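Next up, some structures in C-alpha cells.
Common to both upcoming complexes is chain A, partnered first by chain B, then by chain C.
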Partner chain A sequence: MYKNRKAIKALLVFYVVILGVMIVKAPAFFSFENAIDILLNTSTTAIAALGMLCVLLVGDIDVSVGAVLAACCTMTGILAKAQLPLAAVIMGAVAVGALLGLINGVVVTVLKLDAIVATLGLLSIYRGLLIIITKGSWINGLPENVLKIGQGRWLNIPIPVYITVVVALIMWFILNHTEWGRNFYAVGSNQDSARLSGINVRLTRIAAFVVCGVLVGAAAVIYTTRFGGIQSNTGKGWEMTLISSAVVGGASTIGGEGDVSGVFLGALLVSALGTLLVFFGVDALWEQAVQGLIIFISVASYAVDFKKLKLRLSGGGEKE
Partner chain B sequence: MKKLVKNNFFVLILVLVIVMAVMSGMSDYFLTADYLLNATRFISETSMIGLGMTLVILTGGIDLSVGSMMALSSVCLGLTCQAGIPAGLAAAVSLLVGIAGGALNGYAVCKMNLPALIVTLATMGLFRGIALGISGGSAIPIPKSLYFLGQGSIGPLPVQLVITTTAYIVIAFFIYKSNFGIYLKGIGYNEEVAVFSGIKVTWNKVKAYMLSGFFAAFLGILFTCRVSSAKADYGSNYEMDAITIAVFGGASLAGGKVSFAGSYIAAVIIVLIRLGLTTAAIQTEIQSVIIGLILILAVAFNNFVASKKKIEI
Partner chain C sequence: MTEQSFALKTKDVYKSFGGNHVLKGIDFELYEGEVQALLGINGAGKSTLIKIISGALGQDRGEVVIGGQTTKNLTPSKAQALGIATIYQETSLYPKLSVLENLFVGKRMKKRGLLDWKGMEEVSKEIFKRLGVDINPYEKMENLGKASAQLVEIAKALTINAKILIMDEPTSSLSKQETERLFEIVRMLKAEGTSIIYISHRMEEIFQITDRVTVMRDGKIIGTKKTKEATTEWITRSMLGKEVNNSLEKSRRHVGEILLDVQNLSSGNLFRNISFQVHRGEIVVLSGLVGAGRTEVMRAVFGIDGFDSGKIFFKGAPVKRHTWDVIKQGIVMVPEDRGRQGLVKEISAAENMVMAALPEISRMGIRNRDKEKEYVEAQVKGLLLNPPAAGLDGGAYSGGNQQKIVIGKWLNTHPELLILDEPTCGVDVGAKMEIYKLIVSLAEEGKGILIVSSDIEETEMIADRIVIMRQGMIAGELSGEADKNAILGLALAGKEE
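Our next item is the complex of A and B:
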C-alpha cells in the first residue's frame, strides 16, 4: 500500500509540474472543450486499464487485450448492424469480452502457464481467428441509436465520461468493500497464504481475467460508437497503453498493489500526453520519443525516496 | 525413451522433423538446398534476437525494447553512413548505441529496482521514438560496401548464418563454461542468495541487458544490410518473437533456466513454419493461429514434464 501511495504522490507532482508549465507556455490548453476532449480520450483507456488493474492485482498480466478489444468491437458492430436494441448490443460485446477473459484465465491457471506467455499465444490466436472470421473487412455505417453512446452528450458532457466515472466508482467499491475485491489483493500479495486462509486462488485469478474481459468489452462499445467504424487491426499495441497506464498509476506487476484512483490518474496522463505534446508544439515525429521519455521518467520517479529528498532539500546544499 | 521425452531438446528436434515433413508435403520447393539456404538468412535474424532475450530471461528479467533497439541501430547506421563516416566505424557506432541502450535498461532495472517489464516497456517507446525522430520517418540508403553483411555468402553459407551461429556458440560457451554463466544462473534462481554468495548482482545483470542491447543492435545492422536501407519501423513485434523463441526453447520466465541450443532450434522451427506456410500459400492469419497454438502447447508440455520430474524427486 505504501509503495502505491508513493506512485500516486509522484504522479500528482508530475501533474502539477505539467500544468504549471502549460500555464506559462500554452494558456489555451485550459479551455472547457479541451478538458472534455482529453476526458473523452481517456474514457476507453481508463475503463480497460481498470480491468488490467484486476489482472495485475492477482499477479498476472494480460497482453491479449488488444485482440480482445478488436473482437468486442467487431461484435458490437455486427449486432448494431443487425438493428438490435442498444442493451443487446452492449450485452453482446461484454459477453464476448467475458468469454475471452474466461479462456485466458482458464488457460493460465489450468495449464499453469506464465500469464505473459499464455496471453501472448492467445493474442496471436485471437487476432488470426478474428481476421479469418471477418475476412479482414471493415465495419462502418452503424445505426444512429447506437452511435449515441459514443458521440452523444448530456449536460454538455459526453456520455463516455459518465460511463467511465460510473465504472470507476463500481470498481472502487468492488476492490475496496467486497470480499471478491479484497481476495484479488490477497492472492496477489501472497498466493500461498491466500490459499491457506481459504481463498480459492484459481477461481480468483480466473475472475480477474473475466473482469478484465468485461471491462475491455465495455470499452469496446464506447470505442466503436465513438469512431463509428472498426478496422480489423483495431487495438494493435493497445496492451502496452493499458499496462503503462496501470503501472504509471502505481499498480505493481508482481501483484497485490495498485488502486482505482492511481490507475485513473495513470490513464489520464498516458492518454493526455498526445494532446499535451501538440500544445507544446512538439514535432509529430518526436511525439513517440517524448511519450516514451515521460513514461520512463514517471516510472523511474517511484525509485526516488521522497522523504530522503525532502530531508536533503531542507538540509540545504548538502551534497549527495 | 522416457528419459528422451523429458528432454526438452529432444522434443524440439521432434517438432522440427514433423514441421519439415509437413511442409515438404505441402510444397515441392521446400526441401531444396536453395530454399533452405535462403531460409537460413531469416532464421539467423530471428535467432539472434532470441539470443539476447535468452540471456536476460536467464537473470529472471525480460527485455521488451529489443525490437525498438533494432530500429534505432538501423537508423543510426543509416545516418552515420550518410554523414560520410566509414562503414566499419558507422557499424561500431550502432553497436555502441545498442550497448548504451542496454545499459540504460540495466541501470533502471538493477540500480533503481524497477520491474524489468515496465522499464523495457517504457524504453521500447523511447527507442522507437528516437529512431523515428532522428530519421524523420523516411528510409535512408546505405553504402554498397555494407551489402556484404546482409546479402553476401561465405562459401555456400549466408553471412548472417555464420555470424549468428558463432555468436550462439560463443555465448553458450561463456554461459556454460565461465563464471559469468554461473553468476547469471545464480541470480536467476534466487537473487538474494546470489547477493549473499558474493556475486556482483547489479553488474552481472547490467551486463546481460547490455548484451541484449548489443545483439539487438547487431541484428539491426544485419537486417538493414539485407534490405539495403535503414528505416525506423523495423523490428516491430520482434520482442514477442524473441520471448516466444526463448520460452519455446525451454527457458523459464522465472529465471535461472534457459537453453541456448533450444532457443536456436525454436527459432528454426518458427521461421520454417512461417516460410513454409507462406510458400504453400496459406493465409498469414492461419499462421498466427498455428504459432500461437504451438507456443501454448509447447510451454504447457514443458511445464507438465517439469511437474512430473518434481514428483519423482
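Our next item is the complex of A and C:
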C-alpha cells in the first residue's frame, strides 16, 4: 500500500501557506458559509475526480467526462421532469454514466485505441448525439423533490458534502482493501506482468472506465439538482478540471500511482481556486491560467528528485 | 536415475508464429530437486518453451505434464497454482507499488473477502527471513536496486510455494558477491526439493550451479548431459552447430600516441583519483565489480555527469563539458542498456544507423538519402549484420545484431575513441565472438577502444591493457596477458594473488 506521500505532504504545506496568507490578507475568508461554499463547489469535482483516478491508475485517461456529465445531467433532468421518484432518477443518471463508461472502456481495450484519442472522439460523438436528443434546448423547472439533493441541508451542512464523504470512503475502501481495487494499481504499474500474474487486464481497464462513468453519473445528479437546470454545453472543459485535480493530488498519468486522499486534496485546491483568487483580489479571468500554473508546478515538484538536483547544482562539472 | 520422479515433462511440443516454426517437437524433462541449465543462442526457442511451461503461451501440439498431471489450456494463473514460478529476464515487477504488493499480485491473501494486509506482511517477513535478506516490505519497488529486485522476484516465487522455479538470466545485472548470494539461495531451494530451470549465457555459472545441462538449437533439443560430464566445447558446439574458434588472435597492432588522458579525476563519493590513458590502436578494459564506479567514470568522460576535480584530455586538448561537443571531438559511447539508451526498436536499422551522423550527412538541414544509403551499406557490410539488410525494425534483430547496429550508428560519426559499456551483455556466444572481432578490427584501424566489462573471460580475451577499479578507486593496472586470478584478486581485494 504505497502512497505518494510526497504529493500529499506538498499539498498540505501549500494549504498551510494559503491559509496563513488568508489570515493576514483576507480574514473574511474564514467564515462558516465560505467554507461550506467551497466544500459544496468541491463535491462534484471530487466525486468525479475519484473516477478519473481509477482510469489514470490503470494507465488510461478519459477526456470524454465532460460529455458524459452532460448526458447524465440530461438524463437526470428528463427523469425528474417525468415526476419519477428520486431513487429512479439517481439510478437512471448513474446507469447512463456506467453505460458510456463501458463504451469508453470497450472501445479503448477491444479496439486497442489510444485512450486519449478514443475518448476524444467519443466526446464529440456523445455531445453531438446529446444536441440531437435535446435539440439544444435547456432543461429547467425541476420538481422540488429532486432539488433537495443539491440544495438541501442536514445539520446545516449541504447534502452533497455528505455524499462526497461517503463516496470517498467507499473508493478508499475499494482501492485499498479489495482485490480488483489493487488490480488497478498492478495493471497501471506493469501491464505485461499483471497479465502474467493471471489478472484479466482488459476487464480491469474496462472496470476502471465504468467506475469513472458511475461516479460522473453521481456527480451529475448533484450538479443538476444544485443548479436546477442544465444547458446543452454543460461540462465543457470539465476533463481539464478532473485531470488536474487527480494530477495535483499525486496521481500519475502513466498509471499505478495515486490515492483517494491526494485526489481529494487536489480537487479541493482546484475547486477553491476561483474563491481564493477573489479573496486575493485577483481578477477571476486569471483562474484558468493560474490553474494551469498550479498543475505545472505540482507535477514538476513531484517529478524532480531534489537530492539529485542539489548534487548537480552544488558540484559537478569542470572547475579550473 | 530411473527412480527419480519428474517435476515437469513436455512431450513433443510444437509451436509456430505465423509460418515461423519456433519449437519443433520438444521433449524436455526436469527431475525433482535438480537444477537444470537450459542453453541456446538467442532464437533457439528457450524463451518460447519457458513461456509455454509457465502458461504465458499455448502450444500448437504436444503435452505439458506438471507433477504427473497433464495440463490443458495452461494459463499463467493455472501454472502458478501448479507451483510454477518464472523469473523473467525483463523484470516482471511493479515499480510503483510496494515490495509487499509486488509479492502478492495475482495471489493476494484474503480474510472474509477483504485483503489481508497484515497476513501478507507476516508471510513476507517470514520469507525474507528464510532468504536471509533484509528488505522493508513497505519500500517502493523502484527505490530498490537490481539485486534486491532479483531477491524480491525469488521471494515472489516462494509465496506460491513454487515447486518449479524458472530463472532467466538471473545474474545478468548482479555483482560477484550478489551472484554468490543468489547461488546460496538456489542451493537452499534445491535442498528443499525445488526444481530449477536455469538459463544463463555465463558458462562458469552453469558449471558452478547446475546438475544437468540441456542445449537447444533451432527449436529442438540437441542434447542433455550431466554437468559433470559436459564440457564447454560440447556446449558451444551444440549451441552453434559448429566448432567455434574461441580464441581471438591478438595481432600485433601498432599502438600510437595517447588519445585519452584522464588525470586524477574525482567526483563526490563516486570515484576518486582516477588516472589512466588510452592510446591509438589500443583496447583498454576497465574491469572491476558492478558498483566499483566504472560506469560513473565513463559518464564523466563522456560529459553526461560532471566531476569535482581532475582533468580529461583528448588528443592533448581538454575534453569539453557537454556530450554533444564531446561527440564532435571524436569520442562516442555505446551504452550498456541497449534497449533504452542505444537502439530505437520501432524504426529501421538504417534509420538507427544514420541517426547520430545526420548533421554530417545532411546539407543545410535537409537529408541526403543517397549519402545515407552509402553510409548504411558500408556499415551493414563492415559489421556483418545478420540478416544483411537494414530495412527491418531495430527490435527485429537478435541481441548481438542490435548491438552491431548501435555500434554502426556511432561508427558513422567517424569517432577516434569508442567507449563500450558491457558490449556483450545479453549477447549469445556466437555473436559475442563477432563483436570481439569487430572491436579488434576497429583497433587495427587505429581507433582507441575503452571497454567497461564485468565479464572476466571477455576481458582476458580482448584487452591489451586492463585497468581495475575497486570501490571508486583504481586498484591496479595489468597487461593483456594477465590471468583471471590476477584480475579477480585486484577487483575483489585490491591486491594481486
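In this text, the second predicted complex is superposed on the first by the 298 of 320 C-alpha atoms of A that agree within 3 Å, B and C clash if a C-alpha of one lies under 4 Å from a C-alpha of the other, contacts with A are read in each partner's own complex, and residues count from 1 in each chain.
Criterion: a contact is a pair of C-beta atoms (placed from the backbone, for glycine too) under 8 Å apart; a residue touches a chain by one contact, two chains touch by 3 or more.
Since this is a predicted model, take the numbers as computed values, not measurements.
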item: Contacts of A:F296 with chain B and chain C, given as first, second, both or neither; value: first
item: Which of chain B and chain C A:L123 touches, first, second, both or neither; value: first
item: Partner chain in contact with A:I132 - chain B first, chain C second, else both or neither; value: first
item: Touched partner set for A:A194, first chain B, second chain C, both or neither; value: second
item: Which superposed partner A:H177 touches (first chain B, second chain C, both, neither); value: second
item: Contacts of A:A82 with chain B and chain C, given as first, second, both or neither; value: neither
item: Which superposed partner A:T253 touches (first chain B, second chain C, both, neither); value: first
item: When both partners are placed on the shared chain, which of chain B and chain C touches more of chain A; value: B
item: First (chain B), second (chain C), both or neither touched by A:I23; value: neither
item: Chain C-contacting residues of chain A that also contact chain B; value: 252
item: Residue ranges of chain A touching chain C (in the complex, touch as defined); value: 1-2, 176-179, 182-183, 185-186, 188-190, 192-199, 252, 255-257, 311-312, 315-319
item: Chain A residues touching chain B - in the complex, by the definition given at the top; value: 61, 107, 111-114, 116-118, 120-125, 127-129, 131-132, 136, 240, 243-244, 247, 252-254, 283, 285-293, 295-296, 299-300, 302-303
item: Chain A-touching residues of chain B, taken from the complex the two chains share; value: 62, 108, 112-115, 117-119, 121-130, 132-133, 136-137, 240, 243-244, 247, 253-254, 283, 285-289, 291-293, 295-296, 299-300, 303, 307
item: Parts of chain C lying in touch with chain A, wherever the complex brings them together; value: 54, 56, 75-77, 80, 86, 88, 92-98, 100-101, 105-108, 110, 114-115, 117, 138, 140, 267-268, 305-309, 311, 318, 321
